[in-house]
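Next come two complexes built around chain A: one with chain B, the other with chain C.
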Partner chain A sequence: MTPVLMPGARRPRPAVVRGENQSSASGIVGPVRWLLARRNRPVLVGLAFVVAGLSPLVVGGLGWETVSFQVTVFAATSLGWNLLGGYGGQISFSYAVYFAAGAYGAGVSVTSFHASPWVGIGAGVAIACLIALITGLPLFRLRTHYYSIATLAILEVTSLVVSAASPLGASGGLEIPITPYGLGSLEFSPLNATPFFELGLGLLGVTLLGVWWILRTRTGLYLRAIRDDPVAAEAFGIRTTWWKAVAAVVSCIPAPVAGGLYAMAALFVDPNTVLSIPFSVLIVLVAVLGGLGTLWGPVVGAALVITLQQNLALDLPGQASGLEPVIYGIVIILVGMFFSQGILAARPIVATALRRAGARVKGVRPW
Partner chain B sequence: MVMLRAQGVSVRFGGVQALRDVTFELGGPGIYALIGPNGAGKTTLFGVISGGVRATSGQLWFGDRQVLGWKPWEAARSGVARTFQITRAWRSLTVMEHVELAAVASGESRGAARARAAELCGSVGLSDVQHRLARELPLGQQRRMEIARALALGPSLLLLDEALAGLTATEAGELVQLISALPSRDICVLITEHVMELVMPIAHTVLVLDHGVLIAVGPPAEVARDPTVLAAYLGDAHVTP
Partner chain C sequence: MGLFESGVVSGLLVGCEYALVGVGLTLIFGTMELVNFAQGDLVMVAMYLVFFLWSGAHFDPLLSLPIAAVAGIAIGILTYEGLIRPLTGKPVIAQMVVTLGASAALEGGAQLWLGPNTEGIPNTVVSGFRLTAGAVTVTAPEAIAAFGAVVCIALVSYLVHHTRMGASLQAVAQDPYAAQLVGIRPRRVFMLAWGISGITIGVAGALFMQTYAVDPTVGITFAIFGFVVVILGGFGSIWGAFFASLIMGVAESLGTTYLSEYGLAVAFAVFLVILVVRPMGLRGTS
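Let's look at the complex of A and B:
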């Protein structure tokens, strides 16, 4: 006799037998389930990166690669931001400054020193870390919202200074001359965006790994405690100012590297773009929409925001092109309304929905 | 050796004199009860001892160090741990992570800290809920978490701010038992409490604060008979029949 199932009751799951004597359907289910298990997450992520890295062979196309490159650049920058902002609770608007440090570093090393842009990116990282440290130590004594305002001021000051600096191209921007193609010169055929996409993907992978590792060390634990209740954190021996400064310095590192790649891909960098408030807000927005203080939030946020922004710019027909900011704004408001904790916070809801819908797919858990 | 010595400590918050010329010493491991009515200055005194509250004048020695005005993190690292009258749990941390954090902050490696945290969760009876978010637990369990977290620092002085408030009689009884075992681990406990009956049986010395003034210090039986103490608690009208 077949058991009568009450509505909503769990269907008894057929035991999945490991081994050769499985039907072809469950032959797929086995490995899929293994891959989706929490402890095998690194394998899944590694696979995803390999697939993404090979994707230009299949999806190809200059437009697609350019957009994907931008996604990786913003995702990496925002991943860093999220370490201090999402986990440490210190909302900073000066990551555009760190980004610009790498962008201008790369540009200037080519224009003024005829050196490899990598040298400039290295210098950009050093400068960004220095700015993060010397602004962080005094600023972290401020209450959080004053800190945010102070970082906006840093952005404005940097923008003013750069706009007046002729070796940096002043307000007109810095054009980077064409040099022989290669990985060392970070210049490639303008018809082929694959190298930059692969470099961006590499940066994203390294950044993800770095953030994941830091979150596992005591630094991650301290940062969460500082964000949740700094007074209690101090009462248990944590020097909050010091740890926030550590987080600020470490978390700024991806930004200048991303900025360097970004500048070399465009062969141009100007203060009205990278040192603008919209640009610095975008870095924050990506993390907030994706999910503050979640490892994958910035990646999801960047994929959504950048793809949307870029595709709107490319695809809207002539007359409708003025609507781009409107549509972009509406989507962001909708995400804010329905996923107030970021898209990733909706994971349990989505998981439940998928599980219900796919109960027939023999107990494969989507998460 | 004297563990803690306060000499003429005064604290002012604007127009409020929260502590006035407070002088006392805690000899060594043992249980000291700090009692006094609402607003007497108990929490303020804890703030001065553990850093964070600025004294307007006075001196404070911890061992042979002059420590008045030290930072909370310095106090924590030197062996002063505390709990909070209004519990302060970190929103996104589990019970275990709270305890582990304190152990790591005291200098233990991550692995050793985890082992010690598990052990401490067990000793305060929180093993079953150690992987839950501390904020989601009932008050009684949050108070025990706070004690485990404080113990994880490996303190020589433990400040318990109304650790028994809001607990059921059974919970309070269990906690009193736990606390009374601490001096045998070389820990000096200073505990504040409104209800004298709860701490009198375990305290070996009672300090009484009233309106920022230390009005009595001594063994529980003596203090309980002290007319000034009775007056502070019952109001002046009851002193003169």
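Let's look at the complex of A and C:
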């Protein structure tokens, strides 16, 4: 008699049939299977971070490190965005403003106050949270599209004001002077991007942990309820505007830190880059293309989009300017068309392919 | 005092012109809940078309207006058939992503093909004439562009509000499922919405060349202004978008008059304040 499975109940794992071909590969299969088991996921992730952190020892090169650093920066920012946008359903275009708050905070603390950029990053975080709270409370009453366009207007206002503000270098941008090298001053040899990559990786790890933790708390549950049916959520007594504002404040925190690192790595920040619409769209795109409302979506999206964009910029120099956005645009169109749920949604397809390819190693579940 | 009056008048004229982009966006927004990020870039394409008709065949922008309008219809329907229809039933955000990609590709394509130069039409048939009343001076191209935009918007409004075609459009906007039940084919209606939106794109291309110059990056400016106007006007409301555009135009113009570089920031701030007071837009009802 076969047991009746309740919907959503876990299917009992079929007992592994021990065949002759099993024993030959069992030396490697055991640890691999243990690592791939769902309950051991944190170990796998931790291992992946250690490998990534050590990777500059093996795959060196300034270009590679710079691109990887950018990936971590965008992944962290977009992870924050995804908390409000993916899980909360509020598509915001103002994360570039939070990013810029950190970038300018770091820049101004060095140029005007001769202080450590970390102070500026801290101030940037405070300012970003304040902006998120002040703009969030009135704007979260708006319907989704209205909210998105309103955040676009906030971005434009900020961009126009910063472009006219001379202490911030106006539209020409703020050049950050070189100070003695060190972790406190966030300055390292320009020939070596490894420290920034490691810092970015650290930020990414902390952000991932934070988002993972929030999703397990009541806030995460409320957010998803609000996204799926705001009226029903309200009817159940969830104060939707308040929780959206809470999510907005929490989710903006990685952006200014990422912005500060970004500015210190480039030693330059200007409104035409960090406060431009393409930049804020990129933060959104990274999460959407990777997988909206999934923990790993922004990381996968950043790895793909930023690597593509940066390599296009590196490989197609000068004379072909224009070809790069064309390719970039077409790739976005294609991903949007064929992976409309994000790249991570293609996981079952990949898993099936892997399973077929690895059919000889029986009993290993790739995912 | 003259400063204030001329600020208001030029704001109104600019508002009329920009309203075309807003009306084109609001049609698509109202029928399929899609924010078309490529709208401004499509206007840029239409502007280049008009420019090349002038530089290649010496067509005055007024003469190429009907050509641009027809081309606009084609542009609109092609965009829908090529990019949006394959995503029918997919999440709206996927459609939005596709229009974002199209926007980047169009802008890059224009850069690649035409270079980053700014191209304008210095001497149109009407340039050189001007109208002066008291302290206010209006040039003929400005007046004609604004007048043409108002006529075009009135025509679009007539199509949507007073014809059978428009009734089907409104039906789908209100309830796509019920509209399908009474025999309206959504695909046709969406094509219609994109076609009419395309007319506004084409006409905007011809009229904008009267007063502005074109370069590959102009699209984003028009698009942002258009989004704001659509939201301020209220979901899918044509005249709401028009009046919102007038408000934004005047706010920007007065802001520029008194605060120089903060002009556009003033306009967006006005938008945010109005939105806080009226969360559903000027003509929207909850």
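List of remarks:
Here, the second predicted complex is superposed on the first by the 337 of 367 C-alpha atoms of A that agree within 3 Å, B and C clash if a C-alpha of one lies under 4 Å from a C-alpha of the other, contacts with A are read in each partner's own complex, and residues count from 1 in each chain.
Assume contacts are C-beta pairs under 8 Å (C-beta built on N, C-alpha and C of every residue); 3 or more make two chains touch, one makes a residue touch a chain.
Nothing here was measured: the structure is a model prediction, and the numbers come from that model.
Upon superposition of the two complexes on chain A, no clash is found between chain B and chain C, which fit side by side. In the superposed model, more residues of chain A are touched by C than by the other of chain B and chain C.
In the superposed model, A:R41 lies in contact with neither chain B nor chain C.
Legend: residue contacts after superposition of the two complexes on their common chain; A:D229 is shown touching chain B, with no touch to chain C. Of the two partner chains placed around the shared chain by superposition, chain C is the only one that A:G329 touches, whereas chain B remains out of contact. The superposed three-chain arrangement places the nearest Cα atoms of chain B and chain C 12 Å from each other.
Within chain A, no residue touches chain B in one complex and chain C in the other. Every residue of chain C that touches chain A in the complex is listed here, in rising order: 29, 33, 35, 37, 83, 86-87, 90-91, 93-95, 97-98, 100-113, 216, 220, 224, 227-228, 230-231, 235, 261-262, 264-265, 268-269, 271-272, 275-276, 279-281. Residues 91, 138-139, 141-143, 145-146, 148-150, 152-154, 156-157, 160-161, 163-164, 277-278, 281, 285, 288-289, 292, 320-326, 328-337, 340-341 of chain A touch chain C in their complex. Per the touch definition, chain B reaches chain A in the complex via residues 50-52, 71-73, 75-77, 81-82, 84, 88-93, 97, 100-102, 104-106, 110, 149, 153. Listing the residues of chain A that touch chain B in their complex gives 217-218, 221-222, 224-225, 227-229, 231-240, 293.
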